[in-house]
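One structure is given here, and the rest of the page talks about it.
In order of appearance the chains are A, B, C, D, E and F, and numbering begins at 1 in each one.
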Amino acid sequence: MQKKIEAIIKPFKLEEIKQALAEIGSFGMTISDVKGFGQQKGHTALYRGAEYEVDFLPKTKIEIIVSEEMADLVIETIEKTAKTGKIGDGKIFVYDVSQAIRIRTGQTGNEAI
Amino acid sequence: MEFSEEMKYVLDSFWLLISGCLVMWMAAGFAMLEAGLVRTKNTTAILTKNITLYSLACISYYYVGYNLMYGSGNSFVGSGVMMSGTSADGHSLISDFFFQVVFVATAASIVSGTVAERIKFWPFMGFILVLTAVIYPIQGHWSWGGTSLGGMLDGFSDFAGSTIVHSVGGWAGLAGVLLLGARKGKFGSDGVIYPIPGSNLPLATLGTFVLWLGWFGFNGGSQLALGSKADVDAISAVIANTNIAACAGALAAMILTQLLYKRVDLTMVLNGALSGLVAITAGPDYPSMNLAIFIGAIGGILVVFAIQFFDKFKIDDPVGALSVHLVNGIWGTLAVGIFKPDVALFAQIKGIVVIGIFTFFSSLLVWAVLKFSVGIRVSEEEEYNGIDVDEFGLQAYPEFVERQGV
Amino acid sequence: MQKKIEAIIKPFKLEEIKQALAEIGSFGMTISDVKGFGQQKGHTALYRGAEYEVDFLPKTKIEIIVSEEMADLVIETIEKTAKTGKIGDGKIFVYDVSQAIRIRTGQTGNEAI
Amino acid sequence: MQKKIEAIIKPFKLEEIKQALAEIGSFGMTISDVKGFGQQKGHTALYRGAEYEVDFLPKTKIEIIVSEEMADLVIETIEKTAKTGKIGDGKIFVYDVSQAIRIRTGQTGNEAI
Amino acid sequence: MEFSEEMKYVLDSFWLLISGCLVMWMAAGFAMLEAGLVRTKNTTAILTKNITLYSLACISYYYVGYNLMYGSGNSFVGSGVMMSGTSADGHSLISDFFFQVVFVATAASIVSGTVAERIKFWPFMGFILVLTAVIYPIQGHWSWGGTSLGGMLDGFSDFAGSTIVHSVGGWAGLAGVLLLGARKGKFGSDGVIYPIPGSNLPLATLGTFVLWLGWFGFNGGSQLALGSKADVDAISAVIANTNIAACAGALAAMILTQLLYKRVDLTMVLNGALSGLVAITAGPDYPSMNLAIFIGAIGGILVVFAIQFFDKFKIDDPVGALSVHLVNGIWGTLAVGIFKPDVALFAQIKGIVVIGIFTFFSSLLVWAVLKFSVGIRVSEEEEYNGIDVDEFGLQAYPEFVERQGV
Amino acid sequence: MEFSEEMKYVLDSFWLLISGCLVMWMAAGFAMLEAGLVRTKNTTAILTKNITLYSLACISYYYVGYNLMYGSGNSFVGSGVMMSGTSADGHSLISDFFFQVVFVATAASIVSGTVAERIKFWPFMGFILVLTAVIYPIQGHWSWGGTSLGGMLDGFSDFAGSTIVHSVGGWAGLAGVLLLGARKGKFGSDGVIYPIPGSNLPLATLGTFVLWLGWFGFNGGSQLALGSKADVDAISAVIANTNIAACAGALAAMILTQLLYKRVDLTMVLNGALSGLVAITAGPDYPSMNLAIFIGAIGGILVVFAIQFFDKFKIDDPVGALSVHLVNGIWGTLAVGIFKPDVALFAQIKGIVVIGIFTFFSSLLVWAVLKFSVGIRVSEEEEYNGIDVDEFGLQAYPEFVERQGV
């Protein structure tokens, strides 16, 4: 079985995480731009004399599908690398994958990723 | 024609043509400024309006407006005979027409900014038709047309149109806004103001620079002659004063926003520069540069407070056109009364009021007729989705991903 | 255990939903821009005289990870707030989360969210 | 029960897949822009004389929630249509959905999708 | 030199310089217009082409073209001796060169729009080299060079180049498109047309305004003199007519798209304004403003139908350059034959046909040589990914997220 | 005043005004170029700086700089009495002021590009104040002010300011960069260079075209007179040479990047065109077009290598301003010494060195004072988040989604 690891991180940490993951031999990931808030809130901005709230902060979402065996190592690596110790560092969520297929070859399961 | 006379004719006409080209360029400036200060979803609409209103203004002013303004007629309105002949006294008639027509387009552009992001296209064009063919020319007939409205405007002095062009555009826009209402989501209950940031500040900055450049023709050309030492000296003063008033307006807004908001607000700096330009326009010829700096700086200060003032009264003016053109058109006209030796402040006030009342109420009437016949505002859903998609079927930046309510 | 609540909504409802969720004490969410269609189809547009279909409509995706206990309340709140009754209101999908980690502190499970 | 089918594809295949799915009677999908890499790596670019790596390639993510019965057919259809045989064709991942709700009507389960 | 003669020399040369600056500015207009009407993925490519083609055109025209065009030579082609000396009859020779060179760049810019989004860079530059050094100058030698091609073009009248510049650019582009084929995904089977919307309409609008302004120099400068009452009167008429023809073209396209599509199509309005400009260019000096409005309006109508026509015949012209420059170049030239008293329609037709055939077939030959030697079209994959990334390694908006096939 | 004398006065003053308008327009060019070459997150900042620095430069030069430069005073610095009177010898004094003031703004604009993306706003404005009120005018007093610094600069020839304007701007920027450091993330350890692509290439291209157009006024106006055959012939040569040098610079960069990188790099082509312009500026009046092409082409080549050179020495210049203005300012000034018959190369070198040393060290002093008092660099976090959000509270494109670290 495979696991999906979904990490919401500070955008500028992406490069570092990518390299750290390459080193432990995990390849393949999908990323996207998201916005969010949690304990870290947005800030107040001012436009032409009127105040307004910017609630959502830019974050990057990383999605990695790995085999169950690799999952812990990948999670640990992300955790370590993404951490700055400051508020807003982000979260990691893990899900079960019930099927994985490589379109080009039709391979499934761990061979697909 | 004697040689020296001919040279003067050539240079005077030529200067009108060059100035006219510069003023025509202001149409691009308005288009860019307004496109930069509205939201992406209404950008195609504002671009379309700006290019078509310029086109319509030129044609309607040719067929009707120019003669209502400069035709003999009576003291209220000109003759209405179509422009004819080729040379006027001392310069080419057509060069004069070309220079004048780009002015009327400027007045019309001001309106488009004020009513942006919620007006329906065709009623807007209808209003522009009336404004450029009738309203603007009639009040122009009194001042630049020389009739003084039967003496009422005696002594009124407006070199390049702080009142005649800019505040006329502002009054026409204000009348529209009052009948149109604010954009959805701009004003919350209990007086909260939700800012709606402009979508493309480089475009807005470009537009400001374009207007700034064009203004050298707007004010410089209003000398209406170039071919003598006196004329070129005057034009030099006009252009240098125009430039430095804009600088002063920008810097004043820069400093004031830093003091008020603890940050320099670029959109206010842009509006500040434009305010300096509008303010100096009524009299760029007489002041020293010191005074031009003062007049421009007051313009830059006024615009910041005016924008907050209009917001407070829930008069929603997406690009700040009222604060720039109406408020500073008035300020600039008053300044001539205060500072120019041979001009009476009272004559200036009378001019501002008479022209203001005429323009505001005639505009209000036209807007009201449009509102209660075909309607002037897009539907709520259209406004939410953006006029571009619903009315024009064309996004301004179709490939760029936009933030949706984020 | 935690649940992931994924809601596809009309973009202009986001603000309201954010406030409604704050009131019931749920904080933390991640949003992203998506496009989609379902029963609500796109529309026909015209460019230089040629017609074309715009199939996908802009939607906003909200992702919220909550504790199992909170899940129903959050779902209900979103459902109520996002509803306009008109076609295209969107969907809510719920998934199991097998692990949740707060990067900054290393906390896991309900403490992470 | 419903399944979530998540396909990461080459962007230009989207149109074709949309049509193929319409033919087998599946409607409703959500798409988003993502970037990723796997066996297909990025390329080297040059800006003002300095080289740099473009690691991530643009991909489109399709998310479709379907009933368990339909899932295999949908997967198969995507697989067939998205395939070019060249590297970078993408992946399909499948997850369990624990709940599905249509906001407009409150319908749940297979009726919601 | 007598004083009055010197003044005329000064003013005439000066006007060529100012006009040349305005026409040079059109290069920016084409760059912005085309960058706004292609997709983001091909924007760097079109920008690069526009700035380098202008540069190449100036240099190749200096070394070769100018003399092929204005050198004595025979009735088919000029002498080919490099431009020399400083003053021509009545004005500075270099000011004349500067004014002429920006014209050839204009013709070249038209081609870049037509073949956009799929042409390879270097073969394109090769074509531009031949066009600006040889093809354009040879046909220009017949008309503006004054040889009349041994009498064949007697009576042919093209004031500022509706045919000589605009339709020449159009024919050269058409020849290219026929050998190049349509962009992938533009035409489906069974006649379906998939529109490919331009990616940045503010940029396209800006480009249109820039061209509009530049056109005052393009047409006004073609009077080639300023220093007399007759000249400045003529220039006044030229500029006013140029302006109002553009207005009429824009409004005609606005109304027509509303009638045909139930919506005003901004890109058609932009093309309409440009069409009015192209149409008036063959004879902006003689008509009344009424007639200029008519000529421009027909231009605005023609462009809408021409775009649909080319689409129907699967001739893929991303920015509408053929419809604007080729079709309206022809219309404008015909209009002179129809309306200008001393010009025969038949002479106009002969000019259009002779110049058209020469330009089209010589261009076709050059394109064909390029196609069958180095190839002119990027690979399918490159076209899909965008020329910017694959050929130029540089995205135009690298930080903005774009929609991918959505 | 005799008629012919008056006409000359009119034309000379007029030409200064028109040229001044064109140079003012360069402020827009710098704003667009720089806004296009920085990242979106610092775009509001660069726009704000460009419009406010222009405004500040005009006002500080009026109150202080103009008289330090042109006032009598001593051989080191002018009198410092505020500009007064209206007509100077042979032309309007104010037209001269207007033309001069836009030059000082150009020098200031160069600095803003060099220190972009990390400088604090207010200290930057402080530096601009000193530069435009004191540093630029003092060195200008030696050359254009005519004192020759007591003979030290005898024989130094700089027609329109390759050294006096462009490399002065470059030296001032270089001093700033050395104290400011590179942008975070630009240079890795072990010599790796991480390119930071500009965010909006159409804007950068537009800016280049705007500068190109403005340069016709910059160089052409530096003839300072128009009203005689000799003057207009000179201006014709100046403008044609200016244009073709830019073309040559663009083409040289195009070819060189193809050879070096196997791709044409648009940003280098833009810098190449600008380099040709800077290089020809020291002497656009004397060369043949052949020579102008050569000078411009060397400029286009130099800029490519200079950009790599500065990168290698970790001197981070986001828009390439040092390579364009400093390096080619020097090259252009040397070229006059090499090619212009009556100019000694040694006098040129002396001029470059003397002015360079003075400007660099006085700038360094000012930057140092600012650095060790209020600080000149934004915080690391501010730099990461972008100056726009943190310092200006305003995004340039608030609705567009940007790539985050992708």
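What we mean here is this: a contact is a pair of C-beta atoms (placed from the backbone, for glycine too) under 8 Å apart; a residue touches a chain by one contact, two chains touch by 3 or more.
Given the structure is predicted, the values throughout are model-derived calculations rather than measurements.
Student: Count the C-beta contact pairs for B-C and for D-F, then tell me which is higher.
Tutor: Answer by contact count: D-F.
Student: Provide the C-alpha centroid distance between subunit A and subunit F, rounded to the nearest whole angstrom.
Tutor: 45
Student: Distance-wise, how many Å sit between the C-alpha centres of subunit A and subunit C, to the nearest whole number?
Tutor: Between these chains, centre-to-centre, one finds 18 Å.
Student: So how far apart, in whole Å, are subunit E and subunit F when each is placed at the average of its C-alpha atoms?
Tutor: Taking the mean C-alpha position of each chain, the two centres sit 33 Å apart.
Student: Using the touch rule from the top of the page, what residues of subunit A touch 2 or more other chains?
Tutor: Within subunit A, residues 31-33, 35, 46-47, 56, 59, 95-96 contact more than one other chain.
Student: Would you give the residues of subunit B that are in contact with at least 2 other chains, written as numbers and ranges?
Tutor: In subunit B, the residues touching two or more other chains are 7, 18, 197, 200, 206, 261, 263, 265, 267, 393-394, 397, 400-403, 406.
Student: For this entry, which pairs of chains touch?
Tutor: A-B, A-C, A-D, A-F, B-C, B-E, B-F, C-D, C-E, D-E, D-F, E-F
Student: Please give the residue numbers of subunit A that touch subunit D in the complex, ascending.
Tutor: Its residues touching subunit D are 2, 4, 18, 27-32, 65, 95-104, 106, 112-113.
Student: Which stretch or stretches of subunit E touch subunit B in the complex?
Tutor: 4, 7, 11, 15, 18, 22, 39-40, 197-202, 205-206, 208-210, 212-213, 216, 220, 226-229, 231-233, 235-237, 239-240, 243-244, 246-248, 250-251, 254, 261, 263-267, 269-270, 273, 289, 293, 397, 400-403
Student: What residues of subunit B sit close enough to touch subunit C in their complex?
Tutor: 384, 389, 393-394, 401-406
Student: In the complex of these two chains, what residues of subunit D are touching subunit A?
Tutor: 3, 7-9, 32-39, 55-56, 59, 61, 75, 78-79, 82-96
Student: Inside the complex, what are the residues of subunit F that reach subunit D?
Tutor: Within the complex, subunit F contacts subunit D at residues 193-195, 197, 260-261, 263, 265, 267-268, 304, 307-308, 311, 320, 406.
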